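For reference, the structures are reproduced in the following blocks.
Below, chain A partners chain B and then partners chain C, in two separate complexes.
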Partner chain A sequence: MKHLCTILYYFVLLWLIFAMPAKADQLTLQEQIDGTPAGSVLVLEDGVYTGQITITKPITLRGSKHTMLEGNGKESLLRIENVQNVTLENIHITDAHVGIVVKNTSQVNLLNVQLQNVWSGVQIYNSKHVVVNNLKIKGINGHYSKKGNGLDVFNSNDLTISNNKVQDVQDGFYIEKAQAIKLTDNDIKNSRYGIHFMYTEDALAEQNDFNQNVTGIMLMMTEDAQLQNNHVTEQNGLNGSGMVLFEAKNIDVLYNHFQNNRTALSTQKLATSTVEYNTFQMNQTAIELLRSNKENTVYANDFVGNIVNLRSDGTSISISQNYYDDYDGIDFDDNGIGDSPYVALQSFGQWMVRKPSYQYFIESPSVVLLNKMDRQTNAIETEQLVDKEPMMYSAQKATTEWNIQLWQVVTGLTGLVLGLWLWRKEASV
Partner chain B sequence: MINGLFIRLEWKQMLRSRWMQLVAVLFVFVFAAISIIQQIALPDMNGFTRQTASFLNLLLFLLPLFILTIGSMGIANDLESGWFSLLKTYPITIKNYILGKYVALVLSFMLILLLAFSIVLGMSSLAGQVHLPLVFVGLSSVTILIFSALAIVCGVVAKSRLHALALSLLAWAFALLLLSYALMAVGTIVAGHTLQKLTIVMIHLNPAEWVRFGYFIFSGQHSVLGPSFYEFTEFYSSLAGLVVYVLVTICWIVLPLLFAGFLLRRKGGQV
Partner chain C sequence: MKKRGLVVLFSAVLLLQACSNKDFKPRGIVSETDVCKVCNMSIVHEEYAGQIALSNGDYEMFDDLGCLIEYMKNLNKGDVGKAFIKDEGENNWVDVKTASYVYDKDIWTPMSYGVIAFESKDSAQQYIDKEGKGKLLSYSDLDSFKWGVHH
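Let's turn to the complex of A and B:
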């Protein structure tokens, strides 16, 4: 009996030491947050934390290397509401309807947060002075209509959103009624719109990378925005566009690189805006102008390898000093500007705008010949899509990588020798 | 056995022909030069770019033109010079004659294609901008198969070599240019959906458009054709669509050959 009591005593002692959880671990994450004094830092240990969380006091929530917040996929996981000075760092969020909701706040920083398997990543409402940096957002599988956006911003101002990677969502960033917003160095792919501006003022989108979205930047009913130094490539789905500017005013599209898009830049009802110093390379249509006005300018851009450089519905625009690789004029006075105007007007381009079924014929043999004839007959055009000062040289320097592929040289030579030997052998008497 | 000998004989004659040799040099030179210039001028990209479009147009412009003229004039020459009458004294049927001419024509142009692609492959790898998609090789072969059959028809219909040349040029112009222009002109007066349906009909009835359409389907570039053709291209991107594409292609080869045989029987009678 005495032995049995001793064994039982040691068993209870061991259980108390090893099996019973520490008191701090017994607290839920919400309880830990509630217990953290305002202005201090709560460092979360590695581990998986479940349950909804709300932050309503100024604290820093800092995760460790493997800190994960896990939701049930049906509700918003982390809410930051009615508060100033909150920072969220090094957190991994998974399985949530909305990863983070920020509402009625000021001075909120979201840094190094990874969100995956979320319907929507981050939603920001009625907030100001918000920094979102280095977020990685990966949405759910399925059609765009079944997904939320990577980051939503509503009625907010002074936001800096930079160095984020977003993929597989509806819109990478959906910005509505925002003011003074900067979006820089973000990487958005495989989504519907990379950035979707609505009713926004004073926006800057700079050095972002848009790849394989339906549209890189969709800008609607927005004023005073600068879109510059962005890399816009392979928006080449059925209705793919690099940028669509709709009913907007005072928009500057500068120094962007558009490559291999179905339509690189489509403007509709655009006013007092500029498209300058961009490179349009190998797009199906470089610039499409619908219901444009004369105060818009297309200046000093490079058009290289596009199938259609400019097309419009007949509305006019100021076009000057662009470089066109298919310009065949000469420069007698050697001032770098061609002596005859470049006429971008093509019958086929106009038809395609008016009747989309014509798109089947794009760059077909018949259209190529038609364009050649157009160039002769449209030489007298003076108003529509005419650049009176086309540049003779591109601003960009061409680079060629010399990279010899030995197996292809060998295959090519073998085919050539074999072919010639066969011809000679069979043709001999 | 007779047919094998006849094909060999025809192929030898074709390769010995000065005209064929000139065509081979011309095709290989133009094809290689334009391909290399395009590849050096523009970066290598996936998708439908001006580079791939000009590559495709080069094939569509040159190959059918050369095949139709050489193929049709070969047959017309047989009929005009009496070679065909001489052949009739041998145990060779009209079916064998048509098949022999067809196979010899196909093999000759396949050889030209081999030379052209080999040069492009070798030179483009030296230029560092390598892009010779397999789909181009496949569609060039389809172009040769279809237009060789049409060349035989043109040759059989023609009364002389000059007539054959005129007929083949007419067929080429219709396939490459005139039908498209006619449809574009019609498109200015009919509604968009009617133009779309007429275009679909034309794709099936025009061998040049059929090959061009094949490029968009097999290279995965069907979105180039735009939203108007979404359902149509979706169908041809499916397995059922692939089967239909193969069947229609076979029809474009077999039906002209059968028609040529029929015409030749009416012209010259059974051997």
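Let's turn to the complex of A and C:
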């Protein structure tokens, strides 16, 4: 009996220690949020916080150097709903199905948030005036068809999404039915599409870096967009494209650099759009035009080292004053414009439009011979894929930054003088 | 000699008949390489995918029912062997012509057309009852359906 009482005593003691309700300083994160007055800043100490969280009041949630929110990989971890003026910063999120869900909000800022091992990073629904800056999103392992997107935006307007790094997701940014959206200085790689626009109006994608995705920018059923100064490289898989513009209107593709893509720019059902001042370098096909209308222009671009510069399904387009490195005309009047037209028409290029698998024969002897025959017969072509004013020189001025290191100059000069002195000394002996 | 000729003729007839009665079956999707014939999107949401087995033995793949219907409209009747769409409930291939459909502006599909397929009218109706939304459509309704985003 005495032993039984002792065991019971210790059991009650242990229960008091471990199972009693938490004290004020041991509140869960949700309890801390609930206890924070509207308009205040809640600073989170370093540590790992678990459990789902919902923010429905205007607060700032600020993490410290090592603040981590950890989920169970099956649910959305942090929800911001039906609220204005919420800021989330310096947080590290891991192991969540969806890292952050933002729904029916206004003036939400997501700053310096790192998300890893998440099926999908951030989802924004029916919101306005949202800023997403300096997020790092890394998806789960596996094929992109089994993953969610880095950032989803649905039915929202006035969004600024900048300086984010996204990799290993399905689409870096999936933008559906958004208005007034700016995507600048983002870096997206190893995903299906870098940016996927659907039914969007008034969009700007500027100075983004797309590398090794299936497609850099997939723009569909979208109007009034500017895609400029982006660096689009190595989208070179079987179906790889730098940019695909599908059923779109009023799209300006300006000052972009396309390099090592299977197809740099593919347009389908495109209307009243411009492709100007871009550099197409070492792509398999630079520009592909399908079922697009006459009001599109391809002007003042550089085509350098591409296998096929332009190809189409018979689509007519205004092509003028581009520079082609394989143009072999001359400029007698020295006005910088070639005296004879440049004809980009290639039988094999046209065939590749219809059967993409023909790309694997692109440098075979028979195709090379066919291209040579095309050059002879193209002299009489006056309509299709003809640039009547090909430039003799590149439209873009190549800029090289000179980084002179003073110590390297001094060391080099000293070595030179010393060498000369030794040489003269030995010569005099 | 006459007998031998008859045997050859009979065999040839059988062979030709076998060729003309081609049994068109759906093929599996390869997410890495299959892209929609109409919109060029990779097919990653298999549950909404469609395909046409052409009479010449080729297959064309589609990411959304709307793309499949648009493509079928431009084909000659003899070019189409059989067209298939994924059943929303069961994730198996069903004949486009015998399937039933549900449309609602809030149903997400890869092209946001909002139309999903079911093997039977009953299962389509069950979906509408369960979700409390949706309009029942038949294959013939798809011909005049206005494809595009509706929200």
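List of remarks:
The definition used in the following text is that the second predicted complex is superposed on the first by the 369 of 429 C-alpha atoms of A that agree within 3 Å, B and C clash if a C-alpha of one lies under 4 Å from a C-alpha of the other, contacts with A are read in each partner's own complex, and residues count from 1 in each chain.
Throughout what follows, a contact is a pair of C-beta atoms (placed from the backbone, for glycine too) under 8 Å apart; a residue touches a chain by one contact, two chains touch by 3 or more.
Because the structure is predicted, anything quoted here is derived from the model rather than measured.
Of the two partner chains, neither chain B nor chain C is touched by A:Tyr393. Once the two complexes are overlaid on the shared chain, A:Ser357 sits against chain B while remaining clear of chain C. In the superposed model, A:Trp421 makes contact with neither chain B nor chain C.
Between chain B and chain C, B contacts the larger number of chain A residues. In the overlay built on the shared chain, the residue A:Val214 is in contact with chain C alone; chain B does not reach it. In the superposition on chain A, contact of A:Asn239 is made with both chain B and chain C.
In the superposition on chain A, contact of A:Tyr144 is made with chain C only, not with chain B. In the superposition on the C-alpha atoms of chain A, the part of chain A touched by chain B in one complex and by chain C in the other spans residues 238-239. Taken together, the chain A residues at the contact with chain B in this complex read 234, 236-240, 259-260, 262, 281-282, 284, 304-307, 325, 351, 355-370, 400-406, 408-409, 411-416, 418-420, 422-423, 426-427. Contact residues of chain C toward chain A in the complex are 31-33, 35, 39-44, 46, 111-112, 148-149, 151.
Those residues of chain A that touch chain C in the complex are listed here as 143-145, 155, 170, 176-177, 192, 198-199, 214, 218, 220-221, 238-239, 241, 244, 246-247, 266, 268.
Across the interface of their complex, chain A is touched by residues 11-12, 15-16, 24, 40-43, 45-51, 53, 57, 60-61, 111, 114-115, 117-130, 176-177, 180-181, 184, 187-188, 192-193, 195-196, 199, 203, 208-209, 212, 223-230 of chain B.
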